[in-house]
C-alpha cells in the first residue's frame, strides 16, 4: 500500500485541524458532522466581513458552490485568495458546474486562486476542464466520459493540482501519479451531500498537513470504506446518512486494511 | 381505487424527474433526501442569476416560503414565471402565510404565476384563499376550519388549480373531484419540515408527468403511509425523521394497498 | 432540589410556547426539532421585513450568531429591540465570539438590547465579558479559564442577566445565585450544534414563563441528562444527534431525578 491511509487518519485525529468551509445550505450540518466525526474541527463562515480573516487562521479551506449567491461568491474569492497567498491548502467542489452559467463562471474564476485539489464527479470534472479552456484554449465539446482519466491527468499536470474524481470507481491524479479506489455503495447516491462530505474529508486531510495527492487518496479511501460499512448496516438512505457519521468516528485500521480496494498501478493512457 | 397510487410511484421511480426547489433553510437537507428516497432528482437553486435558467430545464418546480428574503422572493417570481410560460407544473407551499404581512403578500403575488398545486395545512389554505380575496373580493374574516373543504373546492374551481390540505385527515380537490386520506401519525407534527417534504413529494409526482389531481393524491398517500410505518418503528421524532426516508425508499405496493385509507366518494357541500 | 426541573418541563410541555429563532444555517433543522421534541413551537424567521413583527408575537426570542450576514444582523437588532421593549425574554448565543471582529462587534452591539440570558462555552463567555469592557472599561487581557466563574458572576450582577456556561461542568449564575451541573457526555462535542440546541432549550423554558435563572438551570439540566442518555445508547455522533431528539421527547421525571447531578451550594469566590 503506497499511501499509508490509516497513518494519515491517525495524524488527522491527532492534529484536529481547523477547517474553514464556505459551503452550501443543504449539506452544512452533515458536512460539519462528518468533519467532527473524522477528527477535524469545522467552521462554516461565509460573510465577506469575516471570511478572509478566518481563512487566514485555518489549516485548510473548503469551497463548495452548491447553493450560490453573489455575496457568497465574493467571500469565496477573498478566502481563496488569502489562503493561496499564505500557501494554505484548499479544495474546490464545483457542484453542478455546467448546469448554469453562474456555476461555470464561478468555478472558472475560482481556478485563478490555484486550488490544491478539485473534487467532483466525472461530469463535473469534465466541465471544469472545459471551463478552463473557455478562457485560453477554446471549448472542446468532444470530451466524453471515456476520456475523463486522460483529460484529468493532463489538466492536473498543466495546472499543478490534484483532481479527485468520485463515482463507482474513484480516480485520483496529480498529473503524474494515479490511483483508483473501488469502495463505496450505490445507495450513497440516494443521500444528498455525500460528494460534499467527501470533499470536506479531502479538506480535513489537507488541513492535517498531508501532501495533497496522498490527502486526496486517503480521504476518498476512508470515506468509501465508511460509506460501504454504513450502507451494509443501513435500512435505507436515512439510516445510511446517520450511520456513516458513526462509522467515520469509529473507523479502525482493520476496517481499512480489510476493505480498501486500491490500485495505484493504473495509468490513464 | 380510482387513483393508481403505486403505478404512479413506479412511474416516478422510473422517470427520476429533475425537481427544482426554492425552499427554506430548515428543511433543505431533508427535502433533498426525501426527493432522492422517493425516486426523484432534487436541485436546490435560489440565486436570481441561475434560478430562471434552471427552472426552464426542470420537470417540476417547488416553491416553499419557509424562510424568506427579498432576493429569494425575486428568484421565486422569475422561476415561477418561466415554468408557467413553459407549462411546466409547479407547486407552492405557503408556509406560515398569515403569520406576517411579508408571507401573505408573497403568496398573493406568487398566485399570479398560476401554481398547479398549493399544499398547506388547513389554516394556511384558508389564509391563501383570504389573501387572494384581499386583491379583488375583500377579506372574508368569517372563515373557520369547518368551512375549509367548501371554500377550498370553490377556490380550486375558480383558480383552476389543485389544493392539497394536510392534517389528521388530508383533503385534495381540483374543484370538481375530492379525495380524503387518513394515513400519517400524530408524531409527524413533532418533526420539522414534514409538510415541506409532502409538498416536495407533490412536486416529484408532477415532475413525473402525473396529472395534477392524481399527483397530489398519490404524493399525500405515499407520504402518509410512509410516515405511519416510520412512526410505528420510531422511538421518537429523531428516529421518525430518519426512518421516513428509509421507508420512502423501500415503499412497496403491499405497503400501500394494506395501509392506504382513501375515500374519493366524499363531497364538500 | 431547589429548581423544580421536571415541574418546569411539564409547564413547558403544557404551554407549548412559540419560540422565535434567528439562528445559523448549520443547526436550523436540529434546533427546530429539539424545540419540538421538548414541547415548544419553533419558528425560524430572519428577514428584516418580518423579524420584528414575529418577535413581537413570540413568547421568547433566541439569537444565535453562528453564521452571520449583514442583513441578518439588522434583523437581530430589530427583533432584540422589540422584545426588550415588550419585556419578552430573549437568549443570546455568542457563537465563536472572539474568532473574528464581526462576531465580537455584533455581540457587543446586541448586549445593548439587554439579553435575559447568555449561553456559551467558557471561552465565549470570557470573550463576551471582554467585548463589553471594550466599550466602557477597556480590555482585560489577563482573563483565563480559571477566572471564568468569578468574572461571570460579576458580569451577571453588573448587567442584570443570567449567564449559562456549558462544558464538562455547566455553570449558571444570575450574579447572586450559582448552580453547577455535571451531566452530558464527551461525545456531545463531536456533534455540531449541541451548544445551539442547549441555547434553544433555554429559550423554550423562558418562553414557558419560567423565571430566567431557573429557566437556564432547567434547560441545561434536561439537555445534559438527555445527551447523557442518548450518548449511552449511541454508536457514534450520528446516532447521538438523532437519539437526543428521541430522548428529549420521552424524558421522564425518573430520568431527571435519577440522573441529574446538580449543586446549588457552590460559590465562585
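Some observations on this one:
Lettered A, B and C in written order, each chain numbered from 1.
By definition in this document, contacts are C-beta pairs under 8 Å (C-beta built on N, C-alpha and C of every residue); 3 or more make two chains touch, one makes a residue touch a chain.
Source: prediction; values computed, not measured.
If touching chains are joined by edges, the resulting network of the protein chains shown connects every chain directly with every other. Superposition angle, subunit A onto subunit C, using Cα atoms only: 120 degrees, a multiple of 5 between 0 and 180. Centre to centre, using the average C-alpha position, subunit A and subunit B are separated by 34 Å.
Counting only residues that touch two or more partner chains, subunit C has 25, 29, 241-242. Of all residues in subunit C, only 25, 28-29, 32-33, 36-37, 42-47, 49-50, 53-54, 57, 71, 241-250 touch subunit B in the complex they form. Note for the complex: subunit A touches subunit B at residues 24-27, 29-30, 66-70, 96, 99-103, 189-193, 234-239, 241-242.
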